[in-house]
Structures are given as structure tokens and as C-alpha cells.
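Here the structure comes first, spelled out in C-alpha cells, and everything after it is commentary.
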Amino acid sequence: MSRTRTAGLPGWLYAPAALGAAFVLLPLVAIVAKVDWANFLDLITSESSRAALALSLRTSAASTALCVLIGVPMALVLARTTFPGQRILRSLVLLPLVLPPVVGGLALLYTFGRRGLLGHTLEVLDIRIAFSTIAVVLAQTFVSLPFLVVSLEGSLRTAGDRYETVAASLGARPTTVLRRITLPLVLPGLLAGAVLSFARAMGEFGATITFAGSLQGVTRTLPLEIYLQRESDPDAAVALALVLVVVAVLVIAWLRPERAAR
Amino acid sequence: MSRTRTAGLPGWLYAPAALGAAFVLLPLVAIVAKVDWANFLDLITSESSRAALALSLRTSAASTALCVLIGVPMALVLARTTFPGQRILRSLVLLPLVLPPVVGGLALLYTFGRRGLLGHTLEVLDIRIAFSTIAVVLAQTFVSLPFLVVSLEGSLRTAGDRYETVAASLGARPTTVLRRITLPLVLPGLLAGAVLSFARAMGEFGATITFAGSLQGVTRTLPLEIYLQRESDPDAAVALALVLVVVAVLVIAWLRPERAAR
Amino acid sequence: MSLEFTATVADRGLEVAFEVATGETLALLGPNGAGKSTVLSVIAGLLRPDTGRVVLDDRTLVATDERVDLAPHLREVALLAQEPLLFPHLSVRENVAFGPRSRGRSRTEARAAADAWLDRVGAAELGDRKPGEVSGGQAQRIAVARALAAEPHLLLLDEPMAALDVAVTPALRQTLRQVLADRTTVLVTHDVLDALLLADRVLVIDEGRVVEEGRSGEVLAQPRSAFAARLAGLNLLHGTWRGDHAVLPDGSQVHGIVAGPEPAVGDLVVATFRPHAVAVYLERPVGSPRNVFATTIDDLEPLGDLIRVRAGQLSADVTAHSVAALDLVLGTAAQLTVKATEVAIYRL
Amino acid sequence: MSLEFTATVADRGLEVAFEVATGETLALLGPNGAGKSTVLSVIAGLLRPDTGRVVLDDRTLVATDERVDLAPHLREVALLAQEPLLFPHLSVRENVAFGPRSRGRSRTEARAAADAWLDRVGAAELGDRKPGEVSGGQAQRIAVARALAAEPHLLLLDEPMAALDVAVTPALRQTLRQVLADRTTVLVTHDVLDALLLADRVLVIDEGRVVEEGRSGEVLAQPRSAFAARLAGLNLLHGTWRGDHAVLPDGSQVHGIVAGPEPAVGDLVVATFRPHAVAVYLERPVGSPRNVFATTIDDLEPLGDLIRVRAGQLSADVTAHSVAALDLVLGTAAQLTVKATEVAIYRL
Amino acid sequence: GSDDSGSTKEKTLTVFAAASLTGTFTELGKKFEADHPGVKVTFNFAGSSDLVSQITEGAPADVFASADTKNMDKLAAADLDGQEPENFASNTLEIVTPPGNPEKIATFADLARKGVDLVICAPEVPCGSAARTVASSAGVTLKPVSEEQSVKDVLAKVAAGEAEAGLVYVTDVKAAGDTVDGIVFPESSSAVNLYPITTVKDSKNADLAAAFVQLVLGSVGQGVLSAAGFARP
């Protein structure tokens, strides 16, 4: 087959790339080596493990969806408009990344908690967030939102706006431009951001335990389960961590088909 | 001044964007409201706080540099070559994101610890990694590497390789193409990735406490200090978290000048 | 007055004002970097001028003093930019259907319109390809189809005939002639034939200033600016078609080659030929040139190393040596001849 | 034999073979989508052919049967693609200096070379701008400068004169003539004048196949393919310059307008003019046309609605009506005239 | 006067202690440094199970103080204890409520009342197993809305008013100051949590380590600990 070819990468580049891959993969191998394979199946199919896994998948999917819904508009506003204070806002949006998750959880508690900033409002509306699955989703969204915003904003800037102006001059309303031109063009960046968000939500621990608590089937996600198991049964914890890894890899590989370069 | 203009964003987009901004900023306000301003200065200028902040800045800078050094080659290999197993590798590289940081720390311990995979090798070479500042840097690198790789890979795909082929046809070696064309073109994406990595490293807690321990001045970074302060003095913890946030915002704003769209 | 344009763009050194009547086609000519594309960007709303005012029909598109600045998509102006910029993720057909879809046509209608336009630019068989899989000239044709399919109030075309091969150029020029006939258009071109055939009026810009303006034939026949002089070189005669030749108002006949659709007997036509092709004789010669105009020399004007001989409506470019040999002076009676093969006849 | 090319690219329907001698310039002609740019991509190494073999001097660039496939940067081949694709983050000067820098020249040398090339394409004052700040035509000139500055063993130019204004085209054509004179080049163009003036040989491709090949003048004077016939239409006479006219081997004189650098007395020159511009007389006329060739008609050939009259080396295109009126048949003695202003004379 | 290390060379004593000992041990460390010039005490505060796995992976610890006996047993099982572990403090559970005690909780049985949002520790962690023990011995069935991973998490929920009651250690209530109210209850005595301490086997400062353990077990140490609310073992 005829094939267009790229400029090619310098050969020396493969050395640090391999080093990097090893750095990420070796610890994984180390974990696999620690797994007590004899009892593996029992460990991971216990009721509490299955409940935690199911909860994690549901909440991570929900929080990823939420991230896309509010993160895409944020990235667009940051990348395609200019307004005073934009630079500060852009940095502030990154905060949940910097905040140790436990502090992030506290901050959420101070905001949505009964005596928090919005506590009174929520009480009037008879909405109870604490100790509910919604709290888990909120905590996960809070910590994973910056991932989507930052990586999508980078893609939007790299892609530029030439096609958008062409589309507008053909009479497309901004909404049409967004739907038919902008989003399809930055799809790789959007997918990357969504994958990052999903992965971060799957691994989220600190903010969840602080803000949502830990009750089996309601708020105890897989990381919380792993953490608990670690106290009583480190082997089970390792086995569960492996499950988390495998599930995440599968979801990510499915979510992220190798997209042919345009 | 004359100004090129973009297609413009649909008006309704500002609603979810504002909602998102509020969602991120409100918890911050809530935390600020909780700070005991009377004792704020004392709290944050204590010797242990200053040591922790200095350590955090040093290690985060080092791990960001390490991420760039090994993450850029990885992103390039993933974006610009095809090889069997690439899809799986791409998902595996995301693992540290999914792994709850504490499990990540355990994995690192199982790899670089005395009884770990490389323990013997390192012992022979008389290299002690665990519980040193190096361990902090490794833990931070492990958790923040995927950020750089994923957001840079997205940018590389969005940018495409047309300019690279032009450069090659003008006689530029792959290294030259990389240095003078590819990297400058994806600079926004690279910066975004580096900022994400830095922020993630600044906030890193679980892997650090597990793999590196919490020794003042050596491995006790700001998030660890916050965790400890929380044991004895929750006010101090909140004040410190605020310091972390402010420092991170400053570093990020400085690292990430508003780049004029090309 | 349909389009009213006044704008300055300081950092590109542009300061231009002009008007285009409804249904009229204006050709923008000028050297590279003169500011032609900049003018189109301002009209399309992709560039906000420092000062200026653009009014289309009754709608103010931009008015810096009134702080009016309509969004591009509300202007009903379609721009064919200098680069094709086809949307890489849409098929060729979807690219062309994009304009109709955006203006509210149904999916089926838009696809039908797209196919029709693709056919007219000779790219019918490319509909299912992605823009990355077509050649440079094919991309240009598709971009033309996309701009035309948008059916805007005002059409802005930046070098629509660039990159096209000699086989397709005449056909596309005919298509554009038909399409532009009753449409308000601003056309940027480097080709004098396009300016002449497609445009009613021309505007010559140089270094951001209008240096010449007028009806196409007039500006090109009697250029005053250096750039227009370069472009110029065509004689233009209006007449009536008689089946195999045109008759001028003074009764003389013009034979030539019909370009484009065959005119019907009685149609108004224009005959064009280059002054270079006009020969000057003192007596009527016998030979293949079938167009002979008996005239008197009005003017002799140096034009570089040539002499432009003006006689009535006609110009002939001859070498200084010929002028000397034939002893041409003002008032000399002369026979101007031009071969029929040199004369292109177009239906108006 | 300097460049040896054989390749098939199935999904673009290409199957082409040709050779280019060292120092020779080959013009690739053909309709849009014929495969011209594809050929250049294969040579430059941007597209790997399904089967094929490209050898430059002694180096095999690709050979699918031997599994040789040299990386683009090792081929010493510079490609001016159909789109300018200037590096957006580098200044115009740095863009042009990129080739020399990549081939190991020092920073100062490379900048000097860049400035020299920018000057030659008439873009000297743009050096400090970013590519986003220049006009379409300016970008095209800069891209030409960038390709030329790379000083490769083989130069591939895809429509180098696209988007240029009429004022700069002749000058750039002259520049290219000088540059390409002793350089191995493959040039894609839609302009017959470029093919004629810049290329030694032409290759006409249509639908991925070579349909015609030969020395430029010959192919264009006696086209056999439909596409070449469209392109054609030029008489070519070789002669020696005598200060104000050329003398042909048979002693007859040719007057015309010198295009490009003035030839010195005794230089070899070529005079070109279009068959359209040639008039046929039965007796020698007195008038401004100063070139009169006494010949005998060899051939009469229908060419669309015209008749091509061949007489010796010359062709004249006249209408069927003229042929009838003058009663031209094979063997008729005729005077073929062409105005000096219609003849372009180039130094060889 | 245990000044056998009066050398000129600065020595560092590394103490691995449960995070709940942060305040008290930091204070004791300062006292130790004052008593032993040229010695610097550094602490590694973390969860007890973290500390054990770090020590087994070769962390440079001289002293280990655990918040429960289970983790101390793990260290002993790895044969890394330098001397026989000794209990130096104990802790019992106490009810916490938001300031003002909105649900008017008075007894342990009130925790099972309908409408009281209760948070306790998960059974896997020491405070949770203690809560379970107390509940079963008191014959009360607790229905918590959340089983937290640590006492701090319980405290945070109660302090924020999110939960109306929680079960934490006496020392935690004391440290939390007036952000919560504490209610002592008699049933707590059925689950006493013990804090053991030992030196670590491979310690390079075995003498200093033993001295530190003595400081903790001695009157000075006990004074500091009881000021923070710890009971004697």
C-alpha cells in the first residue's frame, strides 16, 4: 500500500520514551507480583468489592459527563474570548488540581454542607447532598474538571480559528459552528480530556472521603474500599487496586479508539 | 485598533461556563471564609510551614522537569508512530491517574523499596531512593506524568504533521524538525501539560506519604504538612491550604503567559 | 446603492472607499500586498477596521463611529478566501452543503444543491471524498462551489480561478459569468480576462489606496495607473450579433471567435482583442485578416518601448520602428486590421 | 541520467515513468487531479509508492523491490508544495533561512542567503514579519524563496507562480529562468509560457498516465494530446541576435520585443508567437507588421472551428472563412505576417 | 541526665509515629533535643499501617509508636522490633456533636435514634472496631450514614454540622477545641485502644532510641500525653 509518511522521529528519542514507559509500567508489574493469585477471585468478587466497583463506574461516568457539560463551555470561553481577569480565572480553574484532595473535600463541605455557604439555600430547596451518591459525583467532578478544561483549551488554541471564521462567513450561527466545526475538529483533544477526567474520577479518594463519607453501595467507591481493605487485609487491597487498573484500562481503550490523524 | 475576530461563541454557552467557574470558585471562597485571619501570618510562617513550602516548590519543579524530559518523547512516540500494542501502551500510561495515589505509592515502594523489584540492584549500586527527597520527586513524577503525555499527545494530533514534512523536505534532520518545528508549534499544549503536571505535583499527597514518608525538610511537602496540621490544628491546615493555592496560582500564572493565538 | 464601503486599517496601511450597486460585480485589482484580501475580510466581518463603515442594502455591517459591528454569520455575505480551507472532517459534499444547511435548508435540499454546484464546477465525482484526498485544483473548485452554494446577498471571491487547469478555466469562467450576472459581487483577481468578462467595474488598489476606478472596459482600455497599464491591452467593441459576425453601430462588421454561449441573432455582444494584435496599414491589404477598420490616427503615445496608436475607439500597439517606417503622424488615414482568430466575441 | 522515476500509486490511479537529465528542467503539465503533485510527493519522500523506483544521480531514493526508502531529509530534494505552508512561528527570514541552516550553514550565512533570496523574489522588506502578517501572493513568493534557498540536488516546484500579480510575474519568471538554468528541476505548471521558458522538456500527464513527452517547443508546437493542444498555440523560431532583430538560419529577419535580459549581439535567441497572431496574405502587404515570411502551404488541419495552416516551421490559425476567401490549398505560395509586438524574443 | 552522646557530631533520631500523636510527640521531641544537645529528632507521622510497611521496606526508623497493637504486631512478625513493645497510652471513645448539640444527644443509646445522622469509623480501622465492640456490649444497633476511614474524617463531618453525632477518641475531642461538643459515656470502657512503642531493630542510634522510648514512658512523657487527653495504658 502507498502510505504518506511523516518526517520521522529522531532515533535517540526512543531511549527516554522507553525509560518513561518503564517508569510507569514497572510499579504495575511490582503490584501484579504482589497479588495473592490463589485467593484473587474470591477477593475481588466479594460483595463489597463488586458494590464498590459498580459505584465507581457509575459515579465516574456521571462526573465525566458533568465535566464535559460544564468544562467544554469553560474551555471555549477561555480559548476563544478575551476579557479582563481571564488570566487569573484560568489559573483559578486549575486550583482543584493543586489543592490536596482532602482540603478540596473540606472546601466542598464548607460550600455544600448544611452549614456551608449554600447550605441554607439547599435546605430551603430540601436538597440533601451530604452522604449521598451525588456528593461523590460532585467531589469527583471538582477534582477532574481542570483536566478537561486545560487539555481542551490547549487543543483549541493549537487548532486555531480559521475554519470557524470560514464557517461563520458561510452563514453558520455560532451554535452551528460549535457543533459542526469546532467540536469535531478538536475531538482528539476533547477525548483526551474526557479520558483524563474519567481516570482521575476513578482514582479519586481524598475529596470523596472528606465530603461524601464512606458507606457501602452509596458513597464507598473502589479507592475507598481499597484504602479500607488495606487496614485489615493488604493482599485484598492490592488485588482490588489491580481490578481498578484493569477496568480503567479497558474503559479508556474503549473510549479512545486510535483516531486516524487527519 | 483593527482586530481580527473569531466566529464568536453562542450566547447560551456562557451559562454553563459561569456555572463551572462558580463550581470551582465557590469552594475556594468557602475556604477563605474559614481562615483564622488573626493568626494567619503566624500559622503560615512557622518554620515547618516554610520548610514544607520550600520542599514542595523544589520537588515539584524537579518532577515537572522530569515529566517534560521523559513525557515529551513518550507523547511524540504515541502521536507520530504506529506500532503493535500502541493502543494498550497508551492506556497503560494513564494508569497512575487511575491508581489511588496511596496504591501508587505502594507500587513504587514495591519497585524501589529494599524488598522491591529493583531493590537488590539499587542496593548493589548503593543507591537509597525510598524516604529521600528523590523519592518525593519520583512519586510526584509518577502521578503527574500522564497529564503531560496525554495533553501533549492531543495537541500533537490536532496540530498534524504538515509542517514537519515541509521541514524534512528542506533537509532538516528529525532532531532539527523536532526542535525547530514540532515543539514550537505545540508549545501551548506543552505548556498546558507542564502546568497540569506541576499543579498535580504540588498537590500530591498519597503516593508521597506512602513511598517517601513524611520527614520534615526531607520528604514532608506542603500537602503532608497540611495533613499533619489537621491532626492538631485544623485552622492551621486551612491556612496552609490557602498558601498552597496562592503559590500555585502565582507559579501557574507566571509559567503560562497568555499566548497570542497564532 | 447596495454596498457602501469605507475603511482604514492602520497596521496594513489600508484606506479605501468604494460602492457597488445591487447586482453589480466589482473586480478588485492590484499588486500583491495591495490590500485586496484585507478589504474582503473587513466586509465579511473577519477583521474590524480602525475606522470605517460598511453598509449592505439597508443593513449596517460595521460602523465604527456608531459602534455597530454585526457578527459574520448575520451579514449574509459569503467569502471565498484565498486558501480553500475546506473543513477537513467533512466530506466534499458536506462542505458544499454547509452553507445551505446553515441558512436553514433541509438536509436533502442542501445535498441536492451541493451536488448541483459540484457538477457546475466540474467536481461532481468528488462528492464522497474527504478534502485531504483531492488535488490542489480540485480543492479550489470545491471551495468555489461552497461559496456559491451559500447563496448570500453579497459574494466575495478571492482569486477564484487560482490553481485551475487550462481545460477547466474557460468552463468555470462561463459558470461564474452566469452566476455573477445578477448578483452583487466583489471579485479579487490577477487575470485581466476575468476582470473584463466577469466584472462590470474595476477598482485598482495599490499600497492600500484606490488608484483607479471605473467601468471595466474603460479602465483597461485607457489605464492611468502603472498597474492598470500592465493589466491593460484590450480593445472592446460593442455591437449586435448577426449570426456569424457582429455589426457595430457605425455599420462595420467584426468577425471573431465566439467564446461561451452562442449569441442569438440580434443579441448584444462585445468583441475584444488586444492592441498587440492590431496591425496598421496605409492601404487596405488583401489577406486572411477579415477585420479591417478604416480610421484616422488620433494619438500616438509611448508605452514602454512600444507606441500605442489610438484611432477612434481602437488602439494598436506597434514598435517605434514601424511608426517611423510607415511615417505615421496624427491625422494619417490608416487601415487597422485584426485577425478574426484574435477577436473574442461574448454575449452580453 | 540524473533522475529516474517509475512509480504506481494505486489509490490515486497513478502509473508514470520518466527521466530527467542532470541540469535539465522538466515541466509537468496536465489537468487538475492528473497526478502531478503526487509525482512530486513520491520524489520528495512524502508518499511511498505501491511499486516504483526513484534514483537521483547514484542514490536510490526509493525502490520498493529492494525495500529502499530514504528518509525525506536525506534525499537532498527540496519541494515547493502547492500550498505555501510557511512555518507560522518563524519570521519570514527564518523561514527562508531554514533550509540553509538545516544543511549546516552558519546562522549568519543562512540569514544572508535568506535576505538575498527574499530580495530576488521581491519580498526583501518582509523579512521581519510573521507569515500570518503577509498577503497570499507575498506568502507564495516567500515559499519560492524558501525552496530555492535550500539549494538541493533536485528542485521540485508545484505551481510556483500561482497567486502572483502581473507586475511581479515576469520578474520572478526571469529569476527562475536563471536559477533553473543549470539545476535539475521538476516544475508543475498550468501556464504554457512557464513550460516554454523555464523547461527544457515537458511531460503531459492525464488521469495518472503519461500522454505526451518531448522537448518543450516540439510538444507545444505539435501537440498530440487533447490537453497539450489546449496548452499549445506558439510558434518557435531559433536565431541569432543582431542588436535589434534576430536572423534565422535561412537569413530572414525576425523583429520582436525582447522579454527578459537584453541579448548581446551574436547570442542565440528564440522568437515565440502564437499561431493566432499570424496572418496569411497572398501578396506581400505594406504595413506595420514587420515580420513577413514567404512560404508555401504544407498542410491545412482543422482545429475546432479554426483551420491551422502549416507552412514550413510556422503555423497560422485562421478561420475557415478566410481559407475559403483566399482559396488556400496545399502548395499555395503565401506570405505569413506577424506583428513585431506579437513576437517575444528570449535569450537562450 | 542521660548524656552519653555528648559528641560534637550532630546526630539525628528518626521517630515513626502515628499521625494522632503529632502534637504530643512534636512537643516531646523538643524536650528530647533540649536534653540531648547535638541530637535532632525528626518525625515521620502517618497512619500506623503506612509506617509499618515503610519500615519493612527499609525506611530509616529508630523508634516506632503505633496507634494500635495490630500494626505493632505486624512489625514484630517481620522481626523488626528492637525491644519488647510497651504500651505508653490508651484512648477511649467519646460522642461528639456539633456545637450546641442540636439533637440533644445524652446517652450512647441516643445514637440509634431515628433522625440522628451518625458517623463512625469503618470496622476495618481501630476506632471503628472499638465502636463496634462498644455497640455490641451495650446492645445497641448503630445505623451510621457513613463509616469513615479515620477519626479526623468523623470529626470533620460533625464539626461541619453535616452529621449530628459521631464517635471519636477523647483526645480528638480535646484537640478539636470548641468546634465540637464532647459527651463522655460509660460504655466506652469496653473498648480501650492501646498505643505501643518500641525501638526499631536496625537502628543506627539504638541508645538514643531507647532513651526516647524511656522519655515517652517516663513521667515527662506521660504528663504531656495526659495533658492531651490520653489515658494511662
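So that you can tell them apart, the chains are marked A, B, C, D and E in the order they are listed, and the count of residues begins at 1 in each.
Keep in mind that, in the parts below, a contact is a pair of C-beta atoms (placed from the backbone, for glycine too) under 8 Å apart; a residue touches a chain by one contact, two chains touch by 3 or more.
What you see is a predicted model, and the numbers here were worked out from it, not measured in a lab.
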| item | value |
| --- | --- |
| Minimal step count in the chain contact network, subunit D to subunit E | 2 |
| Top chain pair, ranked by how many C-beta pairs fall in contact | A-B |
| Interface residue overlap between copies subunit C and subunit D, same or different (over half shared) | same |
| From subunit C, the most remote chain by mean C-alpha position | E |
| Euclidean distance of C-alpha centroids - subunit B vs subunit E, Å | 33 |
| Approximate Å spacing (C-alpha centroids) for the pair subunit C, subunit E | 89 |
| Separation of mean Cα positions, subunit D and subunit B [Å, integer] | 56 |
| Per-residue multi-chain contacts in subunit A, two or more chains | 5, 7-8, 106, 110, 116, 165, 167-168, 172-174, 177, 185, 227, 230, 262 |
| Residues within subunit E bordering two or more other chains | 53, 156 |
| Residues within subunit C bordering two or more other chains | 45-46, 71-73 |
| Subunit E residues within the subunit A interface of the complex | 49, 53, 98, 117, 119, 122, 124-125, 144-149, 153, 156-157, 160-163 |
| Subunit D partner contacts - residues on subunit C that touch it in the complex | 30-34, 36-37, 82-83, 134-138, 141, 158-159, 162-168, 190, 192, 227, 230-231, 244, 255, 257, 275-283, 285-290, 305-306, 316-319, 321-322, 325-326, 335, 337, 339-342 |
| Subunit E-touching residues of subunit A, taken from the complex the two chains share | 106, 109-110, 113-116, 119, 130-131, 209-210, 212-216, 219-220, 224, 227-232, 234 |
| Subunit B - residues contacting subunit D, complex | 162-163, 165-174, 176-177, 180-181, 184-185, 187, 262 |
| For the subunit C and subunit A complex, residues of the former touching the latter | 44-46, 71-73, 75-79, 81, 85, 87-90, 98-99, 101-103, 132, 146-147, 150, 152 |
